[in-house]
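Chain nomenclature is as follows: A, B, C and D, assigned in order of appearance, with residue numbering initiated at 1 for each chain independently.
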């Protein structure tokens, strides 16, 4: 059973992700943010329920749709906004942007613009944990589209063969860009299972379902039980990236899935959340808004990286040129 | 003749070639998507016209896409595969480098491998370190592949037509920052043979060899310099492999000065390659050091501010060409 | 039920593979052949039973251990020996050698020195068959080690999504080079199955078992039923390549698996082969020896490729230089 | 001091570094195999000494190997990953090019990525088109990777030690045809800094820059020519990225003649790169065209006869150096 303090944290993180994204979405639509951005909306429960089972020492490897993972793993909104605006004080000094946010102090090994590239990297972090016997685990977030990439299969197999403390957290939102996923529910989990690890398919809109699955997977990993796969089913709320008009989707599909599966609403309606006070939640909401507004102001007024920054950090001991 | 964009020229060429030859298929991620035609709309309308049997949406599995295109080419089709961004070469290079490129040689000349791979290259669109690379030098180094990079809509049509009809594997590099550039393009089918450079403008003082988007920059620089009385010859090789050495050498023999502009990272680039060709074969014509402008030896930064520093600029080209003209 | 003529063909092809390899093995040990060579011994039933279900118009993509597949698909021993000796008259003009033998006239799309590279290519051939609606099927042979490569997973998935007329023929000999395969029997088939295709695990030393599995897979493919996976279990008789002393294997393991699973012996002992006459078989054996000796003589006395050959066939319309 | 082979030097260095630093692990296909130590015996004995937790045999999944090495490096280990043949880059390039090479830059300098990738390169062993390539030019073009190619046992030890201790990703290219070359190598630990060329022999008439196995060929040619009274300076850059431009330029300023010998395919090669550096930065010192010897723009043929034509030869080097000396 989760304590109230934990439930508040769960709410707060989900809401923070939601508000963060809605806000940057509005900014993006006004042309104020560069690059591609991908909305995590409707998937918030997955990142938050997973990461609540992790410490800062545990690792995650994220995807192109990474904002939710970052926030759930503890990256600050301010750091992220500075990076989304590609400012010099950004967490990647503006060189990474939305699709490459990383924060080693939080065990966040990076969003990734190459679909399917995260799992081998997460396997490496799990190998570190296994080698150093530090009890840490490593999580790879993987889209349904990404699950087809050969690299993901390779990572699944390596995790089994080396018995790595690792979780494959699939987020099945049925779409890869503009193309509908032809896989039946549970297929991705089954596939991972066939590599020889326990696997389960759950409702990704249900915080508690994800939390329970994550908890036992993380425990298994910490106890030397090896890798686990979790497939979480969710709808995709917005287009693939901001600006995608989704002509390829039926209006009804979008509408009904939006209505039916708001993870925050579902969370609040769950009897297990009964103990949360309206007041407290309102306070949190206000705090969140403030956090984002302050962060955004800071980000907009921060300085651009200088010409010299183009050449730094290519190598440790000398510059690119 | 109507002015159309590079995007439209490619789209029309795909329509034309698919209508002309039943064995041409299009395969890739989101290529069949209705109303969108891929992320940048290049394949719009193809699936409506030719159906899902010939315009094939695939899972996100580039090795399978490129490999299947290779296998299909060996057995009688003429696949046009899309590698959405050239940056994704990393997940499918083997099928291109060790399979498709080598089939004909390894198999003693008993096969043809008519694959066209369309792919997007280049920075300037704020797409960050993993979606903005040039990477064609890597392909040029691989025997068995032909590499094409059009800088305008006319060339795009003629070269893509040739690519699809060519019996060898061709990688067709589309710079995402110039998709909307307009030019007059005939409606009729035509091909531009590979290995023939285009003289973008004539000049006597300095030769500039430039590739893809950099051709546009070089042209701008040349215009500016011409107003200062400096006469620049701009050459667009159009095909990187095979490379039209002859036209380059001929031009350098006239001007004695060479500047190469390539958006790729500097080392082992096309800039290096062209320089080395001239330093070997037109050495005595040279009146000044061979100069190169490339992006730096750094990844492409996400920051638009840094990205603008990253991409070679028209003023850099002007400065160096001016400097060369003063030798 | 197989007719006698078919059973004779099965015997002949298996025996031809066996004798071909034993002969070139002896030559190789004397230093008379260049490059790496990999022995197919003990796996003969797989190639032969599979390819007996195919015509010259059907396709196969082979592996580094490709001699058996070539012979079973109809490449002539003479062509192959010329190529193994890298002669100008070789089927690849000496440019391919043992690991790259291909013969388009037989639908043999090439041995391959890149582990796992064949299946995407075979998928492409299946796509041709599907597009041209010519009723052909395409087979990828895949080692147990190769089955882990991401490319193989990608091909499995593509075959399912596009419903390709394709067979994934796994040859599980428990080893990848010097490393023992940790997979339980049937795991590879299960994995393919999890991608959404029918799959089966059989004894690869038993010609009849392979034949039956292959037959129904090929039928399914021809009839538009899509891809099938077959995992055939066999021992590895010799080292990974010629020259591998196999220090990593127990003597007993090698000995017992050799004794227990000679596919030719098993074939001849099967009641279904009762109708084959000893005499006829002896004649075949003699023929085979002669074929190989003649081929070898021809290969040794054939001419080396000339300097000019280095530059031909890089491109169709101009030479490399 | 004992003479040992390149193979032994690498093996001893791995033993030494693993003993010295607990965070060094070795990971790859067959690297732990008892009694064999991989296909060419380079990792022999490591698993006996350091156990299967630090010497890790993997499935045949190069993307997972290289990617896991990258992830492990980000989180505190110093992995030495083996990519059995560099030809297999095709199935794992993304993890190297888009991930490992770019981590530090993309992540704003907040990480180090101390990965060493050992890999075999080169023709001359009859291994055919898919097991004999050089391919390092492709790596040199990628910002964020360091590329090393030793030509003797002494350098192999010093450079590999540096590679393992280096905080950046390093690809260490071992030419399979020179594993048995002997040299005196100290038992003690030592490092050779990257970016410092070795002057193989001094000379005044012609500079030869050569890489990997070609250094041995150039040295042979230089000996021969010296008996003819032609004085050749041979430079082995040892590290291809970073490249020691200075030593090359200095030498060309002395000799005025440059020949570059690279076993890679010709286009966008190290030969092109070095040529272009000199044509830009030492142009006025040049007394003759810059010449290059590379393998041809063809795959590596399986036939030993053709392979012998394919690989640059000592006599080709002699001929061109002689020609240059006559200018």
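Definition applied: a residue touches a chain if its C-beta (ideal position, glycine included) is under 8 Å from a C-beta of that chain, and two chains touch if they have at least 3 such contacts.
Note that the coordinates shown come from a computational prediction; the quantities given were computed from them, not determined experimentally.
Engineer: So using the touch definition from the top, which pair is joined by more C-beta contacts, C-D or A-D?
Structural biologist: Counting C-beta pairs in contact, A-D comes out ahead.
Engineer: Centre to centre, using CA atoms, which chain is the farthest one from chain D?
Structural biologist: With centres defined by C-alpha atoms, farthest from chain D sits A.
Engineer: Would you kindly tell me how far, in whole Å, the mean C-alpha position of chain C lies from that of chain A?
Structural biologist: The computed centroid separation for chain A versus chain C comes out at 45 Å.
Engineer: Could you tell me the distance, in whole angstrom, between the mean C-alpha positions of chain B and chain D?
Structural biologist: 30
Engineer: Could you give the separation in Å between the centres of chain C and chain D, each centre being the mean of its C-alpha atoms?
Structural biologist: Here chain C and chain D have centroids separated by 36 Å.
Engineer: How many angstrom lie between the centres of chain A and chain D, each centre taken as the mean Cα position?
Structural biologist: 40
Engineer: So which bits of chain B are touching at least two other chains?
Structural biologist: Within chain B, the residues that touch at least two other chains are 59, 61, 63-64, 87-88, 90-91, 94-95, 98, 105-106, 129-130, 143-144, 296-299, 301-302.
Engineer: Touching two or more other chains, which residues of chain C qualify?
Structural biologist: 92, 94-96, 100, 112, 114, 117, 148-151, 154, 157, 161, 314, 320
Engineer: Please output the residues of chain C touching chain D within their complex, sorted ascending.
Structural biologist: Per the stated touch rule, the residues are 34-36, 86-87, 92, 94-100, 112-117, 145-146, 148-151, 176-179, 244-245, 247-248, 304-305, 307, 309-311, 314, 320-321.
Engineer: Across the complex, what residues on chain B touch chain C?
Structural biologist: 25, 27, 53-54, 56, 58-59, 61, 63-77, 79, 94-95, 98-99, 103-112, 143-144, 146, 166-168, 195, 242
Engineer: For chain D, which residues count as touching chain B in their complex?
Structural biologist: My answer: residues 63, 87-91, 93-98, 101-102, 105-106, 129-130, 137-138, 140-144, 241, 243, 264-265, 267-273, 275-276, 278-281, 283-284, 286, 288-292, 296-299, 301-302.
Engineer: Inside the complex, what are the residues of chain A that reach chain C?
Structural biologist: The contact residues of chain A facing chain C are 148-154, 157, 161, 182-183, 187, 190-191, 193-196.
Engineer: Can you name the residues of chain D that touch chain C in the complex?
Structural biologist: On the chain D side, the touching residues are 29-30, 33-36, 39, 57, 59-61, 63-64, 87-88, 90-91, 126-131, 296-299, 301-306, 309-310.
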